[in-house]
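You will see chain A twice below: alongside chain B first, and alongside chain C after that.
What follows is the complex of A and B.
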């Protein structure tokens, strides 16, 4: 089960993700999150409460971040749990999205 | 005065008897010390003599004086000749000395000399002879070793104890790793006997020694024992062992040899022997080059014709190693037929029959044989603006000429009865033009060239697919990774991520190969087109909805390996271009290029051999496997012949100014040369003859 909360700050919007980023989270990411954040210049994805991912979910995150980057936005993924980070590293996600996303 | 004698003989008794004879004494009056019991040796060859020292009991010394003890060396020297009676000379020594000394009193005064191994001294009040230590022997003065220069008087008794050298033979048995041979490495042993040489009277002793080196043989019984210990029982060469044991120089001897297994033959595909009036396959000459002269057209098969038969493998005969164990012959494999187009296999898949007429194409890859019939297009008349260009999957035969700016492309071979005039010809296989090529662009053996380009790509894909599968396995086992979506979406989402990130380079290789195959569709077989389709569907189209699973990757890997196996070996595919005469044309060939008459102002690049009995006048000619021409060069236009480092250029007659290049070395002829056989010598220099 995946849920999220948006928290607006002065110059950025933070998406607090909670649950698994998987194939079932697809619709929510594409249809809710993407339109909600696409007007802001700086977007932070908070992964502190993300415990599991699957390949579809990763694909969605990659296309979300890539789309935002292409639109000139700055995106960061924060507080990734070590187990999830392991998966990201195995897939070399930082090579695809750029290392600055995880800094 | 104590006298002793060291003597040797075949047995101890013989040695003692000899010593008693020499001393003129009987057994009761002597002390006998056995120094060596001796040994019989094998076949009496390696016999070691028995050695004894016989000392006269003090009271029994006979009146007849022998000035110094005889020693072993003296005897060795004598017994070496082993002529009976020679020993008799020894006791006479003192007599001779007496008479000689009398006649040479003056000459000997104040000196010492050696005669028959005995040291004599004649000192005078004015002068005393000197004696000192010497190499290879110990000098005793009255039984005391001499360590520095010492003067002598007549009363001093000097004895010389000569040192012997003795080295036991060394040997070693080495069995080869595969147990097919045993080598005996020997370093022969020897006994070095020295005896004191006669010395002219002189004031200071300068002893010299006679040296006799006696070989010590290796006991062949010991070698045989060692073989037994190593369990070597087969193929032992007793005569060589004997020879090795007797050898006087170090060496290695092959003393046992197994019987190697006789290899069998793999299964193969045999085409029927040609009985027709014309040769349709190029024939190999005795020197390994190919004779194209008889080729007038490409082979054709008619419906129902037998194209060939699969010959079953013949197993080899097992051998025996030096331990007597069976050595299996290398395994033999059958060839297996693969379904080809237009061909049926009968007789349990051993006989290939043409189901339609066309050109038979035989391709063997590893132990698989694929025979197909390539369709043939016969174009009657010229190819020109009215007929249009020809693009055909198969062989093409044109009974006329190819004219003005037309194009002919095929995935097979092309036979043109007329000329090629200002046109472009491209054949995946070979080309025969019965007449001439003028101002045209020719490419033959295109598939050979394509194969060479695709080989590294296929190899990389095959290698990286293994890594890709390992990566998928690893990620699937990561703690935070859910594999639930594999059920509904298959591997594609994961593969998309991997090909974007970690396997980005593999993705580029996929694209590269895909484009290469697509761009050369007309030169490649159906299997390549199918492969390109799979490649695109599986990896290059992220939106493809077909479920992708791990065994799809395995299957793709198999296809990749299969194609790689086809392109990897140098093709035994005799691709060639043959014509009478090429003028002002560009010719690229993945195989050989043969012109019956010659080339004028052309540019030829061929990976095989470039051959003409005619001439090369002007232009640049490259032959990957060498160039053979009748005549090269021209008065005006530059002519260059080029081959790679290890190939050769042969020219019967080359005119002044012709440039020959081999590897990076090139040379311009400053005068006409005949019978050129240009190549690089061992120092990398270009030599002409």
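What follows is the complex of A and C.
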């Protein structure tokens, strides 16, 4: 089960993600989150409440972040839990999306 | 669609039959007792036939001598072949409703109700039955298709190799679905062997489609390019091209080894795959960790090929993440545990070794591939 909340700040929008990111999160990420954040220049994905990401979830994150980057946005992924970070490291997400995403 | 009317009163039967026939229902069977009804359904000594009788709805009187309608309903509903068969009770008295519904009745018709009510209830029960039949048939057909797809997917996996100085065995444990795990190996020169294991992102049919389309490239691609760097780059280009019109990110993780038995040199790339484990006779465990990003994501991919020379008999264990993945648990720890466990089993003959490791996957819902390459002295 995946849910999210948007919190607008002065210069950025924060997406508080909660739950597992897998194929079931697809519609929400593509149809709700992506359009909602596309109007802002700086986007933060808060992963503090994300406990599990599977291979489909990785695909969704890569698509989302690289689409936003291509549109000239700055994206950061924050507060990644250690067990999720291990998956990111295995797949070398920082190589794919750029190290600045995790800084 | 056919309707069975069960009632001990001949008068009632002919009354109901008359209404239904006038409304255009032509296939009507009748029974004057619960036992006669069970006989029509082929139920005998609490055993139902493998295929249900051709009945789509039962109108069942509750109060009958011998077995009453509620007991009959309970008996019929006990059998899986009749679990979807709607039963409508005929009754003159509401006091038995609770029991009747508990027994598996779907609806009721009070005796003396107007004709249109009877017909409306019959019509809606038959409509539901028809929809359930369609859905059930579709499920059966899909199930058969899935079995066939699983069989096909299995049939393209490389057969074991058992030679003096090298043994390669693999095992693919399929879940209920098809999925995107696949292994491949080939002899690519006098003393050289190429081994590839890949895991397409996602699960189910789409992952299986992708893995099969990649499989069709492998004989040509691996046989022609052989070198890890080149194989990696070419796979990446091919996948990007093949799925360039898909809006989904299509990628796979892979590990590819090129083994030269003469020079004892092993070269590999690991594209985002969990580390393979090289278990030496001396007890050393080498993790063949990631060298590059997964395949199919970026136009540019650096192969970053690694290599090492083996100097004693070694088993190299490759696996897909289904073997170690548990939500919320550390992959690093799981890999370390797998390492020490497999080191303990290292002495087993290769095929048995693979079997034993694969047992770790028994309770998994994900597909799992396990390969072991046994390099003798």
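Please note the rule applied: the second predicted complex is superposed on the first by the 103 of 103 C-alpha atoms of A that agree within 3 Å, B and C clash if a C-alpha of one lies under 4 Å from a C-alpha of the other, contacts with A are read in each partner's own complex, and residues count from 1 in each chain.
Operating definition for what follows: contacts are C-beta pairs under 8 Å (C-beta built on N, C-alpha and C of every residue); 3 or more make two chains touch, one makes a residue touch a chain.
Everything quoted here is computed from the prediction, not taken from an experiment.
*Asks:* After the overlay on chain A, what do you see for chain B versus chain C, clash or fit?
*Replies:* Superposition result for chain B and chain C: clash.
*Asks:* Once the structures are superposed on A, label A:95 by its partner contacts, choosing first (chain B), second (chain C), both or neither.
*Replies:* both
*Asks:* Tell me the contact category for A:12 with respect to chain B and chain C: first, second, both or neither.
*Replies:* It touches nothing on chain B or chain C.
*Asks:* State whether A:83 touches chain B only (first), chain C only (second), both chains, or neither.
*Replies:* Both partners, chain B and chain C.
*Asks:* Is A:62 contacted by the first partner chain B, the second partner chain C, both or neither?
*Replies:* Once the two structures are laid over each other on A, A:62 reaches both partners.
*Asks:* Based on the superposition described at the top, state which of 73-81, 163-171, 271-279 or 451-459 belonging to chain B clashes with chain C.
*Replies:* 451-459
*Asks:* Give me the intersection of chain A's contacts with chain B and its contacts with chain C, in residue numbers.
*Replies:* Chain A residues touching both partners: 20, 23, 51-52, 54-56, 58-59, 62, 83, 86-87, 90-92, 95-96.
*Asks:* Can you name the residues of chain B that touch chain A in the complex?
*Replies:* 471, 474-475, 478-486, 488-489, 491, 493-494, 496-498, 500-502, 504
*Asks:* Residue numbers of chain A touching chain B in their complex, please.
*Replies:* 20, 22-23, 51-59, 62, 81, 83-84, 86-87, 90-93, 95-96
*Asks:* Under the touch definition given earlier, write down the residues of chain A that touch chain C in their complex.
*Replies:* Residues of chain A touching chain C: 20, 23, 51-52, 54-56, 58-60, 62-63, 82-83, 86-87, 89-92, 95-96.
*Asks:* Under the stated contact criterion, what part of chain C meets chain A in this complex?
*Replies:* 199, 201-203, 247-251, 253, 272-274, 290, 292-294, 297-298, 321, 325, 327-332
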